[in-house]
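Sharing a structure with you now.
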């Protein structure tokens, strides 16, 4: 049974995280924290009427035997929260963005001193993290790869950050190669997509889509495709759950969910 | 029972067509023709030892009650062959390429005069022809469309001719639209693919692939995808078979298998 | 400009339909109706504060120059609503379910008498309707077909109603055929899926999925796949929009969106 | 530069392997062996006229400084071949099937004694081996999984051996779970596919297909799909190449390409 405190429980991601902890038979929600709230108990919140969990709104007040601190708060609060957790031997699992590199480095130093595990994850979507891991493994054997990312048509930038991260991870292990026919020509410019170290990246934008990525590998007579689909931010909770289960096994603070998979 | 004569039966496509006619219980192979051969009977050809079908090597010699003439010969012969067929009331089904626009127009005029049906098809792949038809129908309801064509990495040109034909057919019926976010930017140039009347076309090139095309449509909360895969030229025989079945119902010469579907 | 009245505008589908009419430059919302409401004007509803559209809560009160009546009400009200519309020369576009076969027949008779077009559609999802149409067309040329439907893992019945409808439509035109190897055996029972007139249907159930269907056709050396994805009921509005645009061109009442595509 | 001898070079797989070695700039073909041949040099074989490589047809004759022995011979010869290789400090890479468990155990013992690496691989298709590895990794985080395997319609058994192997590998790490709705019913029996430890396996059979497998994982709001396509047995050469590159790093004989990936 992992005892968990959730910071930022009044917000959308924080309340979803609190619910995930409540629903998981291996976890126990032993506290919630939100500087925006005056609740003394979680049951004062309409969404959690049947619970009985102490609620805090001041870091200094917090008294808890939690071993994991889930943080979905705000950029200006997360650093102090994480410091508080580490200083009290609680492992932070942080989905809040916005810390500076310096703050992250500070926290990593503190985690090592205190011998406390922790995680800062810009993306808790396990399918995306696994896709990148698998793509990197496959690229060792299949240097020919094309990335197709697909998003809703409101998205401004292309290719997506995840597609570029995928290409970077692949490039780390892939035998350098300029793909395709050396005499290749484009009748319509852009047809072959964006070029990244000899690989090609294609961005599809359509209404109805959410966030999807496909990595295709090809070799003589065969193909391997890895695809991930994100339909809803609720998917992040699968990653938070894995982090809560594993973070106490470590004695340092990682950046990136892949370090715990 | 459709009586068929196959012209060009010594070649790869022609012999495959002869075999298809033999294997089809609704067709009867009543003659074969090839200017390159001296055979008097098809059974002199090692691949067709158990058959008993008259073989011709001179147009003037041909005596036949065939109603359909399948032609997989050569650019310099096909025009005379087709004229011969039409003049004898036989419906030509032509997979041979290389006729001039003038020759095609001549044959179309002759077919009308003689009231004989016929077909010239640059591509007998039914899956590709249906994909184009369906894409055109869907585009009436879904103006947002992206085309992804995928071929082996030896292919020189991109996008493929079929992808451009698909885009053209869609453009004929689609409500004009510049797709995607008006403020869209490409971090890596080419990511959004080639532009064709506001649509986007992406070309993937990988070893192991043969010839594949995917047309994706998106609308609020839904998507429709049509995909065709060509693994082998044997697939053309499905189209030839359909043409043989239907061509006698017409009294003119069509260009494009879609006119018979 | 098509003038539209929306019945059932207080409900989720009805309000979405009202918003769709408001947002479409070719449509004008000239009235709303809901027996559950006391509003005199649509702007009394918090979601539509900036509108100025008369609201009715009694059929007899309704005075309108609408030519289309969108109905997302309740089973006990829809028949009277449709009768009212037809009697006033307004074309009903009905998404409400629950009418008896007799009631539908009555309305169809009335529509013919009054020479008014109309539509009752159990499913306004255009991607699903097009998938069925295309599958039926393709089955004429490819008798080998497998249907894979995919839904969230809460779904109780399998295969889905849409998959069975698709199989039925295919069976109407497909050359009867028992697919696969005649000596085929299942090492694990059920592997080959459900059998429907020699075709096979497979049902996938996974968390994260919504409602998806894929129809795969295969022939020698080629394949054709049609897939539709429904992510959200908002997708129904694309179908309602098409119906509003087209229904006035007809003089009878259809059942099934496919009749207007 | 890895020096390689190819056993069984007169056969289809063996000659393809010899060609692969010749084409690879990091490998050198230093000998070929085939008990069926009388050639003294590979250049006596029409397919390899421009080569100059000694050919052997008797194990006892073989004199070579090869460090890797590729074996695509026959069940009755492979055991003696592998013993010969190991006894001469040459690492066997064996695609020949048909050895008994006892013979394999003998060879593994011998390899350890001689401290020579080796590989027996029933399947050199890297995309299939990676698919199984990735599926096993993903199943740790996604207990909900469905396997869809697709083959040409001549295939007799279903599900495929690879699909069952995949399910077994997943079952080793997956949290036991009966998937789907507990009240689920099949309107058409078999719709939900075959059951394996609570997972579901679906087998698709269509003309045009070759050998394909898709493993779909689902979690709240997301999905992960891994797919492999085998179009041609030439694909095995990618796996043989990897084995030749790596086998000398080991001091034992493995069964299964996955041990070298």
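Each chain carries a letter (A, B, C and D) given by its place in the written order, and its residues are counted from 1.
FYI, a residue touches a chain if its C-beta (ideal position, glycine included) is under 8 Å from a C-beta of that chain, and two chains touch if they have at least 3 such contacts.
For clarity, every value in this text was computed on a predicted model and none was experimentally measured.
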Legend entry - Interface numbering overlap (same over half, different under half) for chain C and chain D: same
Legend entry - Higher-contact pair (C-beta pairs counted), A-C versus B-C: B-C
Legend entry - Chain whose Cα centroid lies at the greatest distance from that of chain B: A
Legend entry - Interchain centroid distance [CA atoms averaged], chain B/chain C, Å: 35
Inset, instruction - Give, as an integer number of Å, the spacing between the C-alpha centres of chain D and chain C. - result: 49
Inset, instruction - Calculate how many whole Å lie between the centre of chain A and the centre of chain C, each centre taken as the average of the chain's C-alpha atoms. - result: 38
Inset, instruction - Could you list which residues of chain D touch at least two other chains? - result: 208, 217, 219-223, 229, 231, 235
Inset, instruction - Please give the residue numbers of chain B that touch chain D in the complex, ascending. - result: 208, 210, 229, 231, 235
Legend entry - Residues of chain C defined as touching chain D within the complex: 144-146, 148, 153-159, 164, 179-181, 183-196, 200-209, 216-223
Legend entry - chain D-facing residues of chain A, complex: 125-127, 130-131, 133-134, 137-138, 140-142, 217, 219-235, 237-238, 242, 261
